[in-house]
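By letter and in written order, the chains are A, B, C and D; residue numbering begins at 1 in each of them.
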Amino acid sequence: MQNILRKAPELEISQWMNTASDITLEGCLGKVVLIEAFQMLCPGCVEHGLPQAQKAYQLFSSDDLVVLGIHTVFEHHAAMGPESLKAFLHEYRITFPVGIDEPSKSGPIPKTMACYQLQGTPSLILIDRQGRLRRQKFGAMSDLQLGAEIMALIQEKPTKTDQRERQSHDHSQRKKLKGSGEQKGTCDETGCPV
Amino acid sequence: MQNILRKAPELEISQWMNTASDITLEGCLGKVVLIEAFQMLCPGCVEHGLPQAQKAYQLFSSDDLVVLGIHTVFEHHAAMGPESLKAFLHEYRITFPVGIDEPSKSGPIPKTMACYQLQGTPSLILIDRQGRLRRQKFGAMSDLQLGAEIMALIQEKPTKTDQRERQSHDHSQRKKLKGSGEQKGTCDETGCPV
Amino acid sequence: MQNILRKAPELEISQWMNTASDITLEGCLGKVVLIEAFQMLCPGCVEHGLPQAQKAYQLFSSDDLVVLGIHTVFEHHAAMGPESLKAFLHEYRITFPVGIDEPSKSGPIPKTMACYQLQGTPSLILIDRQGRLRRQKFGAMSDLQLGAEIMALIQEKPTKTDQRERQSHDHSQRKKLKGSGEQKGTCDETGCPV
Amino acid sequence: MQNILRKAPELEISQWMNTASDITLEGCLGKVVLIEAFQMLCPGCVEHGLPQAQKAYQLFSSDDLVVLGIHTVFEHHAAMGPESLKAFLHEYRITFPVGIDEPSKSGPIPKTMACYQLQGTPSLILIDRQGRLRRQKFGAMSDLQLGAEIMALIQEKPTKTDQRERQSHDHSQRKKLKGSGEQKGTCDETGCPV
């Protein structure tokens, strides 16, 4: 049987922020990708979506998870230009890379948003290590569920190429979560110290 | 190299609530087990630990995750007897099984709590499908991290016995999370419907 | 025209906690009284009502406002006895005086609760400086509204007797709120320092 | 002794939103005025200050309290122009009048902000019925305290002119709080209905 999961369409971005070089999904192959599609003047994005993405960015190892924001402006275009977005990211302490979704010439919906047929903001997209679209959700997802869905994709076998590169890596769960900040009472391969 | 992960010690419970029959870790083999050790008059348990365990109980499939509470009373014993606990579970809508940790004859720390050398309440314990102690944490863990840690254990290969029993099951991520409550925009093996 | 506001019925309390001597409404004449009627196993009381009463206890001057809790147990009586309440007040850091509503011989509703015809817990009662019942509310009231209602009663003219005792007091708003904790940028009678 | 409370300086506003006609403090004489000085890209304003001002706008009667926002932009000027503010007010459901603080020709601090010597955003200003500056606070104030401070000013005697106009009004506390939304169990001049 053939795998018919859809490949995630490439992002169409007019400008990147919070990153030294442009980012493509192609370049993220081998890692899981979490995309937070947002608008800076969308209350649900500011209260829930963006803080959640920032937490994921801090929790998971960058060897396993890439976190990206896409500024998918589909209303109040004049109010949410690049200058405004830059100040917003600074004030709200958003540190993961954010791309501005390429505006469309034919309507208010920008190109990536149209291509993924997003229903609005915030929307959350998960892409697996092989670049396939695995999850697309409009609105809020609980932290518990997002944590589980990300880890499920992280645990999937990487492609053969990735496997070769990663041969020497330790794929234990502990390695995949950075910065949990406590070692006391943490159990590892040798047991549970108290 | 030999696997030296420690087997999780069996629970010592004087009375079970919210379950028709008594529960043992032995009987949970093949599933991941999340144990929330709490006291009903512990503010951190009431505000964070117990609601989090209840959410995990609702989110994950009972085929993969068993959620248990243990009432590990180590102070104010007279204030937190079985009658009080029963009313508490009713009023706070705790629906997963809760066991009363067997009191010790020699001190205030009950038996299971002493055996696991818990530092206090709330404490969270994760046991893998093979019954091994994999995580023990005193205090709050974020929902994002707990979701990831549970899923990492769920994804681990079950024992051969379990594999045989589960042969016909679909182990896709979607099946492991029940009640996410939205199908629109959800991607599955055949793609992403909009 | 005659003032026909109802006098608040005296409390019927079997035991006081968090206070060296018993408290009566009669003894509170001249001050505004906020009563929080609660049950220790009532989630709405634990999450909202009691923290709100504790905040009022900390914010307003004890010269103006008396804050009292009444443990009005009308269900799960065996689970919420004096021993349990004592541990609860300790663990939840409730520091204002709390009285146990005198149980009734003829039914589950205790005496003060029956007398005030409270609809349930949490309930909030406000009594003015003259001992008159001015407000009775079942369920949550916003902090903004409660702050306003308390201050409205504090600002009312005290009785003649009180006036004599208080002659030398400064009744400025600033005096009525203790512990706001910031003097910088605070305006007073002489102006607004920066 | 002479009253030396400082008169609140008049606002310097380049443009008003959410109001049919321009607003002056002079025109607010006789009412208490709450001013929320904010920037649309200030997280503390979005999370705390503006929702609090909106709650006050909904709770108190417009006969007693005027709620105003002032957009005091002192950084990221290009990011927070009138077009952006307009979209922000729409998306965040801010319905009280908001004025744009007149930019200064000599520096980044706008005119009203400079005149009041505000320390930053959010800042909260309270002006009494006689137009005098009574409170100025940088940062968060609790709802309980703000409710109390507003009511303390509302209860102060209006000027003689106002008194004449208001002769026929009922100044009871109940009238000053609109929309509390519950009449059951509410005590008024005639007593406490159950």
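Criterion: contacts are C-beta pairs under 8 Å (C-beta built on N, C-alpha and C of every residue); 3 or more make two chains touch, one makes a residue touch a chain.
These numbers were taken from a predicted model, which means no experiment stands behind them.
The fewest steps needed to get from chain B to chain D, moving only between touching chains, is 2. Shared contact partners of chain B and chain C are absent; no chain touches both.
When the CA atoms of chain A are superposed on chain D, the rotation angle comes to 180 degrees (nearest 5). Residues touching across the chain A-chain B interface largely coincide between the two copies, over half of the numbers being common to both.
Averaging Cα coordinates per chain places chain A and chain D 40 Å apart.
If you average the CA atoms of chain A and of chain C, the two centres end up 49 Å from each other.
Taking the mean of the C-alpha atoms as each chain's centre, chain C and chain D sit 29 Å apart. Within chain A, not a single residue touches two or more of the remaining chains. By the definition of touch given earlier, these chain pairs are in contact: A-B, A-D, B-C, C-D.
Those residues of chain A lying in contact with chain B across their complex are 4-6, 52, 55-56, 59-60, 117, 119, 123, 133-139, 141-155, 173, 176-177, 180, 182, 184-187, 189-192, 194. Chain A contributes residues 41-43, 46, 75-76, 78-80, 83-88, 90-92 to its touches with chain D in the complex.
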